[in-house]
Structures are given as C-alpha cells and as structure tokens.
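One chain, chain A, appears in both complexes that follow, with chain B as partner in the first and chain C in the second.
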Partner chain A sequence: MSNFQIRPHRPARPLLYLAPAIALLAVFFLAPIVVNTVIAFTDMGANLRVGEFTFKNFERIVQRDARLPMVLLTTLIYVTATLFIFNVGLGALLAMTSTAIPERLGNFFRGLWLLPRMSPAVLYGILWIWIADPSPSGLLNQVTGTLGLPPINLRNDFPLFLVILANGVVGASFAMVILTSSVRSIPSHLANAARVDGASEWGVLRHVVAPALSQPIRFITIYQALSLMTTYEYILLITGGGPVYDSTPYALYIYRRAFENGAYAYGAALALGLMVIGIAFTLLQWRITNMRSTFAAPKIEVL
Partner chain B sequence: MAKITLDNVTKNWGETQVLKPMNLAIENGEFVAILGPSGCGKSTTLFLLAGLYAPSAGEIAFDGHNVNRIDARDRNVGIVFQSYALYPNLTVRENIAFPLRFKTMGKEEVVRRVEEAANLVQISALLDRRPSQLSGGQQQRVALARALVKEPNILLLDEPLSNLDATLRITMRAELKSIQRRLGFTTLIVTHDQIEAITMADRIICMNNGEIAQIGTPDDLYRCPNNLFVAGFIGTPPMNLLKGEADGRCLQIANASFDLDAECAGAVTFGLRPEDIALVSPEAAQLQGEVVTVEPMGREVFYTIDTPAGLIHALEYGEAVRHAPGAKVGISCKSDLTLVFDACGNRIADLHADFSNHAEVSARVLEPAN
Partner chain C sequence: MNKSLAFLATVAISALSAGLAHAEDIKIKISTLAERSAPGRVTNIEGAAEIMNKQFKAAGVDKRIVIEANNSTVKGWDDLALETLKALSVGQGPDIYVLPHEWIGQFAQDGYALQMDDRIASAPWVYGDILPVLWQSAKATDGKIYGVPQDAEIRMFFYNKDMLRKIGKDEAFIEGLPAKVEAGEFTLDDLTALSKEVVDGKAADYGMLHRPNVGIDYLMVFQSYGVKFMDEKTGKLVFPKAEMTKALGWYERNAKQGVTPVDNTAMSWDAIQGAFKQEKAFVFHQGVWAVAWQVGEKNGATWPTDKDGYFNKIGWIPAPAAEKGGKPANLSHPLLYTVNAKSKNAEIAADLVALATLPYFNNEHAVTSYHTAISNAQTAMPKYKDNWVLSAASPMMEHAQFVPNHTKFGSYNKVLFSGLQAVETGKMTAEQAVEFIADELELQFGGDIEIRDTASN
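On to the complex of A and B.
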C-alpha cells in the first residue's frame, strides 16, 4: 500500500491564466489604437463632429505639411542626442562611478539623481525655466553675470539644447538604476581574475564590466528611444515647443496640431505615423540586437 | 620560478585581523599546500600573494624584491579561483587565451599555447563552448588551463580539484604535479583534501584562525604535530586526544596510569593515532572499553570504543572484524611515538607516555581475543 495520493493530472489552461492580461491589453492598448485609426480617416475637429470619411489627412501629411520635415529632423536630433549622451551614456557613467566610490556616498549620489524623477514634472519644468530665464536673475545668467559675460536666452536661442539637457538629466537615472544593479551583480572575482591575467583597470572595465552591461544597455536603448519619441511633457512645460516650432519633436507636434489647432483627425493621422515609426524601430532593434537569444527557457515546465 | 618571502604580513578587514603576523619562506619551485578549516584565511593569503589584496602591514617579497607596491598584473602569477571566475561572455578558447592578450605574442603562438594548455587538462573538445555550458569540473579545468597558459612564475590554486570526480582528481593531481616539476613554477595549493596535500606537496602549511599553526613536510605534520590543533586537524580519522593529569613520571588518564619518560606536571592531553592503537584483551591493558560501533571499510576496520577517558577511535588493518559491538577490549599502543600536549595545547617535546609496555607481554599471549 502506498502512501501517495494519486491525483488526476489536469492539463494547464494557458488561456485562462492569460485572460486578465489580455483583457487589460485590449481595453487600454488595442481599443485606443482602433479608435485612433478610425478618427484618422475622418474630418473630426474640435467640435468632435464627424462630417465624412476621407483620406485627406494622409494627403496633407505627405504633400502639404511644410513643417513636417523640420519636425522630423528635430525629433531625430532630440531623440539621438538625449538617448546616447544622457539616457545611456551619462546613465552608464553614473552607474560605474557611483559603484566605484564608497557605498554610502554612492547611494546618496544616486538618490540625488533620482530626485527630479520623483518630483512632479511641473516643478521640474519650473526649475529649468528659472535656470534658463533670460533676465539677469535667471540662475544661468547669474553665473555668466559674475563671469562678466552677457546674459544668454537659452529658451530663445538654444531651445533644442535646453530641451535635450532637461530631459537628459531626468532620463539618465533610469539607466543609472538598471546598470548599477548590473555592475553590482558582476562577481568581484571576475575583475580579480582579469587583473591577475594582466588587465589594467581600464581593461577590467572593457573586458569584464562592459560585456556585463551590453545586454541591459540594449534594452535601455530600445525602451528609452521609444519613450523619448512619444513623450513631450517637459518640452511642453519648458519651451512649449517654441520659439515657433523650433523645439517641437513629432509627439509634441501631434499634440499641438490636435489641441492647439483643433485638428483632431489630423492629429490622429499623425499619431498613426508615430505608431508605424515605433513598430518599425522596435522590429529593427529586435533584429539588430538579436533579442531572442537573450530569452531564457522557462524554469517551470507547464504540461 | 620565484622564491616567496612573507615578513610579518597581516591583513585587517576593518577592526578584525583576519591574518595575524605571518612569516613564511617558500623556496623557488617548491610545491606547498595550505590546509585549514573554512574561514581561516587561506584564500586571503593567496590574494595577498597575487596582489589582489594589499597587506595591512609587513612585506611580501618575490626573489627578495618587495612586491607590496606591484600590481597584480605585473606579478606574473597564475591563479585558479575557488569559484573558477571564468569570463561568461567568452568561449573556452577565448577564456584560456585571455591572459595572452596582454602579452606581445604571435597568433600561431597563442593558438599553440591554448591548445597545449587545453590538452593538458583534457578539455580540447570543449574549446568552442561557453562557460555556462560546462559542468563544474569542466569549468575548473578551464580555469586551470587559463592559469597555466601564461607560464606563470607562481601558481596559486584555490581548491582547484574540489569539483572533480575521484578518478579525474587522481589523474589531475598527478598531471598537475608533473607539469609543476617540468615547468618549475612555485606553487601554492589550498585544499580541504588532506590526501591531496600529502600526495602533492613538498611542504604543508597548516592554518588556523588567521595564523600558521605549523609548517612542515607531510610527515612532520602527521608524526610530530606541534600543537593540539594540528594534531586534531591532520589525519583522517583524527587523532584520539585524551585528557589526563601528569605528576612526575606518572600520567593518569581516567582510571588508568602510565609511565612517562620524563618529568612533567599538571593537566596534559595525550595523543594517539587510531592506526597506532592495538585492541587487546581487557586484562592486558590499563585502559579498557566497550566497542560501540564497527565499520568495515574494505582494507581496514574502524572501531569506536567507549572508555572512561571518552570515545576512542581505532583502525585495524585487514578485512577481518575481530571485535563485535558490545565486546570488552583493552586499549594498547603499537607505536612508541605517543604525544603529550601541555595545558596550552603545545606539544611537550621529547615526552612520551609508555602506553604499550604493560600490555605487550600479555597481548601476545591473549592474541585471539574474542
């Protein structure tokens, strides 16, 4: 007589377990895309009334929107500069330096860099407006004033630079947090082995630390590139996209067209474009970085 | 290919001194094993030699030159870490070739050396895998190949064979020893396996609590341990240590008394190796006991005997089990090399207890006991 109770084996039902997630995706992601797509083919304006179904919005994007090339260029500069200089570059630098110094100091340092992310966007925006204020009482101009230089009007003369700087300083903390844990998870004996094998400290960085960071950096690059392409709240707060359209990247352009000009349908059509760019970009990255190879087999076998 | 000298070297981590002042001289080309319980500072000692830790005080010298201020990468030391420390992003081939990147060396030379090292540790078939695709023992051999490939002056091995199966371990032991003889680098090996230490090493350093308890040839440590720690640590099964009281030329252990060959007084500990014990009939010995367990181990039989002086372990060679559990036996001694330790745990030189005399005559008479 055995003491084992034999239970009938029930096959797992993946659909049942996935249902809540699928429902959420459907309501909050798929439905808006469908609604947006429909609106893009109408002439909806600020009065929310649909007069006719039409392709006019797309014609306008391709043929008659004179601002669009400039906006696309701005987007390219804004996204690549913020991404590589700050969101990845500065983030990685912060992660490496803050883990090389004594632990408490490092934590304090990282805490400081996280502050703007934790403070409300409006507060952060106001801070930058104060820093860049063209009058002699602006923070930057107080500094240039003591050096005997003429006041600078950042928001007017270098709006894109200001926007990149403001977004980068916040954005770097994301990579900093993720890469800090990556650096921490490198076993210390690996660096020691490299030192004994003849590597200098620079060699340790190159042969031990960098390989360990390459995977998370790929992830951060995709993730942050997409988020930079689609968010604009700091830009809206600090320069409002101006002067004129000088610091207006694509996402903000959609917002301005839709809500400043009341062209809802046109905004929806532009948004479709952003979606296409986003998907294309993701697929490209997927290919280039061979993401699939980083997927681990499931630890639990579901029968 | 380097003589190593440590002069009062210490290592502190914050307040705690994990290595007490250490003096040590290792000859050029010597093969030395470090034995000691977990946490006694074996790895720390290796890391100090490798230049990965800086000594808190004292001087480390290679061939008479102070190397305290020389970086790990300039010491030409090969090291196998306790945890292997293979580079996860490199293949086995690249791992082994890694130290050669930092030397000026032709491509063919690199390939030749890598293959030679891989052959030596029998991993030629695995060269294109990544460390994550290897078993523990295979990783250990890759680590060994990586340490050997640069032909170091000093080879430091932190339990390099611990994950190998018994057969491979014996092969690798012999292999390592012959490589070491051939290339002549000074070698320090940390191990928990006493057989490994005894078979491979010219000398053994026995460490305890951040201190060297004794340095000597395997035989020294086994036959003449300087203190109770070494006596109890070296040898499996461990030495029997019996508490007793000495008074003049008489040693009292529980209800038995033995002759001493020199004057002594006070509390002492008496040491007796299991294989030096002869089990005789109870009448023939001063100290008697009852057999508690009997463990036949093939070539020998291992007895545990309950005596008034505590549990005593005895080994008898031969396959025959001569005493059953519950049998009364007398404890006698085959060897005249018995050891006496003072109250502080240090061996009293040239003092032996005469354990055997009394029993010898009668033991012969009563041989077929039980």
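On to the complex of A and C.
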C-alpha cells in the first residue's frame, strides 16, 4: 500500500528543456547581431581586416550617402505596394473567392497559387526574366503585340513594378492559406442566421466574414512587412537591383554595398539601421493595430 | 586454419598496398573562373603536377601531388577576385589562384601573394623569355613582382562585313576600315553612324553590343576620349570629369539612337554572343579569345573556321579615335598565376606554376582559348604559328595598354560600369552620370581618389 505513492515533486528543470532552443537562438540570432554590431564600428573592407574602430560608417550613412534617400523611398514603395495590393489584398481576395466556390475547385486554385512558393527561387526568377524579355518574342510582348502595342521593357523601364509583381504573386499565397482557414472557422450558423434576418451576400461578407479576418490580417501585415523589408532574393535574381539603383530596396542595398563592393563594415552599419527600422516599425504597428488582443486567450470556444 | 591464414594475408596485403598508394598526398588547390573555352588554366597545372609526380616516383620520393580545381561560377573576374580575397582572409584560400592583373596590388599588400622576384631570377629556363611588358602588369605598388603572367590577349571591336555588303558598301570601304581606324580617320562617332546605317538598312537588329558586366572593354573607349585612370606621378587614382562626360556621351548617344539596346547591361552573355553569332548584331566589342566561340559550334550558328572564310565575314578594329586625327586605343588584360604566400605548400605551388608557364604548356592554353603568347619562344612554335587567329591578333598589340595596378582599381571600375549602365538605360544623362560616379567614388574611396575637371590638370 505504502508503495503506491506519487513520486515526490521535483523541480522541472526548465533550463534543460529549453537548452536546445536557447542554443539555436544564441547561435543563429544573437551571435550574428553581436558580430554585425561590432563590425559596424570598424573599417573592415574587402580583405576582412580590422584596422580601427570608428564611427565613420554611421557618419557616411547620415551625411554622405546620396543613394540612401532614393533607396528608402524605393523600399517604402516596394513594401507598401507589395504588402497591400498582393500580400494582403490579393491574399484576402483569393481566400474569400476560393472558399465561396465548390471545395474541389477552391483547393485546385489554391494549389495553383502555391506553385510559385514551391518552386526554387532561381527558377522563379528566370521565369519572370523570360516573361519580361524585351524582344518581341518575350511572353509579355507577345501578348502586347497581339493587341497592337509596342514591345515594352519592364526590366529596364519599370523595374520596381516588375519586382512588386513578382514578389506579390509569391507573397499572396501566405495570406491566402491563413485567411482560408479563418474563413472556414467561422461557424456557418452565423452566416445562416444573418441570411434568415434578410442580410444580402455582401452584407454577410461585410459583417460576418470581414470582422473574423481582421485579426489574422493584422498579424499578416506585420509579419509580411518585416519579411518584405528584409528579403531581396527575387529582386537580386530578376533585376539585380538595377538599372543602377532603381529597384534596390534597403535590404538589397546592404547586400550590394557589402558583397558587390566588399565594404563589409559599411554594410554592417546599414544592416544595423535596418534592425532599428524593423523594431520601430513593429512597435508602431503593435500599438496601432492592438496586436496584443490577437495573442489573448479566446473568450469563447465555438466548436 | 588455412582460411584464416588466407584472410590475414589478404588484409595485410591490402593494408600495405593502400599504404603505398597513399604515401603522402599533397593537395594543391587551384581556383579560377569557369570558362568553357579555356580549360588550360587548370589542365596546365595538372600537367605540371604529373611531371613532378613522375619525378618523385623516379627519385623514390614518397609524395604525390593531387590537384583540386575550383572553377568558380561567379559573374566575372572581379567578383572572383573578391571571392578569393574573402576565402584567403579566413584561411581557406586556394594554393594557386588566377587573378586579373590589376588586383595584384591588393593581394600583395594583404600578404596573400607570394613575392616572385627571386624565383624569377633563379629560373631563367622558364621566366627569362617572358615578354617584359607582361612583368609590368604583375608588379605591385612596391615595384616587386607578385604573379606570373598566365595569358595575354588583345581587345577589339568585331564587325560583320556581310552586313556592310548588304547595305551596299563596296569591298574597298569594308577592307579599308582597319587602316582608316589606324590612321585616326574613322572615329567612334563614325562607327556609331555606320552601325545606325546597318540597323536602318535592316541588315541587323542590333548595331553594337558590348559586355553585360564589369570588365575592361569599355575602358578602351574611355581611353580613346583621353580618360586617364591613374596619375603616374602620385600613384593616385584619378577621375577626369570632362573626358568621362564625352566618353559616356558616346554610349548615351548609341542607346538613344537605337544602336545599342538600352538593356545591354541586363542581357545574358548567351543572348549577346548568340545575337552576334546568328548575325543579328553588327558590332561586338570584346577580345581575341571570343574567336573561340565564334568559330565553334555553339551559339546557334556555324561560321567558316579557316582564315580566309572568317575574315571574309568578320573584321577587327581597335577602339577608334574619339576625334579625327586622334589615336585608336587598345587594352590588354593579362591574367596572373598567383601563389598563396600563406599556403604551407607554397614552394610546390610555385614550382607547378613555373612548369605550367613553359612555352609548351602555355601554348596549349593559347591556341585552344585564343589568347596571345606570353613568351617569345611560343610565337616561334609551330602550333602557335599555325594558328591564324593569334598571328592576326599579334600586330594589334602595338597600341596595347594596361589598366593601372592600383589596389582599388577593381572597385573603381565597378563604379565606372554603373555609370555606363546609367546612361545606357536612359536613367541619367552623361553629365548626371559623371556626377553620380564622382559622388560614389568619393563616398567609397575618400582621399584615395582625385576628382579632376580634366585629365590634364
């Protein structure tokens, strides 16, 4: 009898269980930040040598870099346009329309929109280069040609438009997937009740579906804005940030300064700037969109 | 019993033979740019290793050299130099690396290039006959030699004679073009006008095409306009605004008049070479080694491979003078074998470079990749003499100049290229682009560069 006893309570050793996660965070997140910060205060050039510790890089960013204002403007246009037109707008549209049609067809279309995300970035980039090929045999120009329009050269004349389009088509699927599940989780009796009360389909969309999407959209906005601000692989592949610096947002600008010119310290200082911008932006959005409520425990559980 | 004895014997023998085969492997890493038409930069080093291995064996030395090649696929020689510099900085560099000569200053300064003067003096059997002018290109700012010329070449504008015939030019004009360029009668603007005639006459889609990335070719045009990149006296890089405005103006006009496509700098090499080979482009600006793909099977067309047939179709000219009566300009851009001074096998690597530099080996590279000889002996060898491309190119070396061996020239050239891209794509006028370049140069190099109003002051 006395053998049957609950084992004495032992401390749970949270540190032990968290150690792998902490180690990963430390190696892949904290250490690079520390290294980057240190490099930002040096004069490290193409030969990776540190001659002195200096504030010169920051002075250069603030006072002398004539490219920077344009780059910041490009970033603003690129992030907001891609985010609102595609990553949120098109994503929400896709979620709502593909859930309104028969399920199989909806799944098929969602699958199609996921294709670009599944294909390797290099392949996707090359496809866009082919589409935008300036010769009359380019895919886009074949279309404009049949309409009797002169061939257009997107990569040279509208590079920013092209990278927004290319990034947007990939980016829309993220919101589509999340919002589809949100739409599906709306209990059907809510819509039915509304219809019984005489609501139109638009009214159902406006007053039942839209409110349910507002919180996930907030999350998508913050998350995608940050990811758009820091990624540049498609732009690098499609336009290389050019012509000159015309389609170079901030993240690509850092890359080009550091790895095309070998100005590693200057790149590190710019990267530090991106970190500051990113944190400020997140805090601002957190405040504006009342993000905290998204993470709160649900008040009711509807099954 | 018998079985286990046999087993033991097998084990013993295989262990022994394995031990013999892998006596001591000396791994030598060589790094170069992947170029389909120029495998010789690696195979020559491999050939040299084979000789040394045979000698080791004959002398009973228990060593074997194993060559490990890194054929990098980065965009161009400048990117390769940057990549190599990065690898060397973290101690993972190759033992031998091929370097565009203007980078030698940087690598020498950082201690990654083995100083070669004593070795050159003590090995006249290979180095005594190298063209003296090439040694100039291998010197760092301290006047010492840090690399061994790997190859030499000459740059030119290739033009398609068939297209000139198509628009009704007579043979006298077509064949007389090189002489007129030589005499300074045919200028860069004349070349633009002629290209426009060809395009307007529907003989070609493109008038002139040039490289899509950073390189040396366009610097020839800048030189024609009197641009000087370095002050010989102070050793400082200079940027003369007036001359550069004129030079970029030429590229600006070419793009505006539809002679050069506005997105030439965004085209792929394949598209550019294909356009010239398939006779959709009148002029292509590059160097003699381009003949390798011109007479090859690739790029969607085949051309005559004999001298008469080729020159009946294609002509060569240096960069014409900017103004009538001026001098045409030409550049040569030697590559160097450089030995990593930090390598623990630096001695062996240097020996391999010496062997691979012998006329026999260098000719193997020269004739297959269409690069000009680095030694006098090579030019006398039958294989070289029989190569009509190289014998035709040699006289053009007369005007050949080099770009300065300044530690920052590689980065400087990248900025020049972005200025060229800016005017060609129509994003800036020549004046704006010059201001843009000046601003970038000042931002990147500060006191290392002198921005001048004209080259002469």
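Convention: the second predicted complex is superposed on the first by the 282 of 303 C-alpha atoms of A that agree within 3 Å, B and C clash if a C-alpha of one lies under 4 Å from a C-alpha of the other, contacts with A are read in each partner's own complex, and residues count from 1 in each chain.
Heads up, the rule we're going with is that a residue touches a chain if its C-beta (ideal position, glycine included) is under 8 Å from a C-beta of that chain, and two chains touch if they have at least 3 such contacts.
Note that the structure is a prediction, hence the values are computed from the model and not measured.
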{"item": "Chain C versus chain B on the shared chain A, clash or fit after superposition", "value": "fit"}
{"item": "Superposed arrangement, angle subtended at the Cα centre of chain A by chain B and chain C, nearest 10 degrees", "value": "150"}
{"item": "In the superposition, chain B vs chain C on chain A residues touched", "value": "C"}
{"item": "Chain B versus chain C as contact partner of A:Asp197, first or second or both or neither", "value": "first"}
{"item": "Partner chain in contact with A:Glu59 - chain B first, chain C second, else both or neither", "value": "neither"}
{"item": "Which superposed partner A:Asn261 touches (first chain B, second chain C, both, neither)", "value": "second"}
{"item": "Touching partner for A:Ala46 - first (chain B), second (chain C), both, neither", "value": "second"}
{"item": "Minimum Cα separation, chain C to chain B, after superposition on A (Å)", "value": "52"}
{"item": "Chain A positions touched by chain B in one structure and by chain C in the second", "value": "none"}
{"item": "Touch list for chain A against partner chain B, complex", "value": "187, 189-190, 192-200, 203, 207-208, 211-212"}
{"item": "Chain C residues touching chain A - in the complex, by the definition given at the top", "value": "82, 85-86, 89-90, 106, 110, 261-263, 265-266, 411, 414, 418, 421-422, 425-428, 436, 439-440, 442-444"}
{"item": "Sites on chain A touched by chain C in the complex", "value": "46-49, 60, 64-67, 134, 153, 155-156, 239-240, 242-244, 246, 259-263"}
{"item": "Of all residues in chain B, those that touch chain A in their complex", "value": "47, 50-52, 71-73, 75, 77-79, 81-83, 85-89, 98-99, 101-103, 146, 150"}
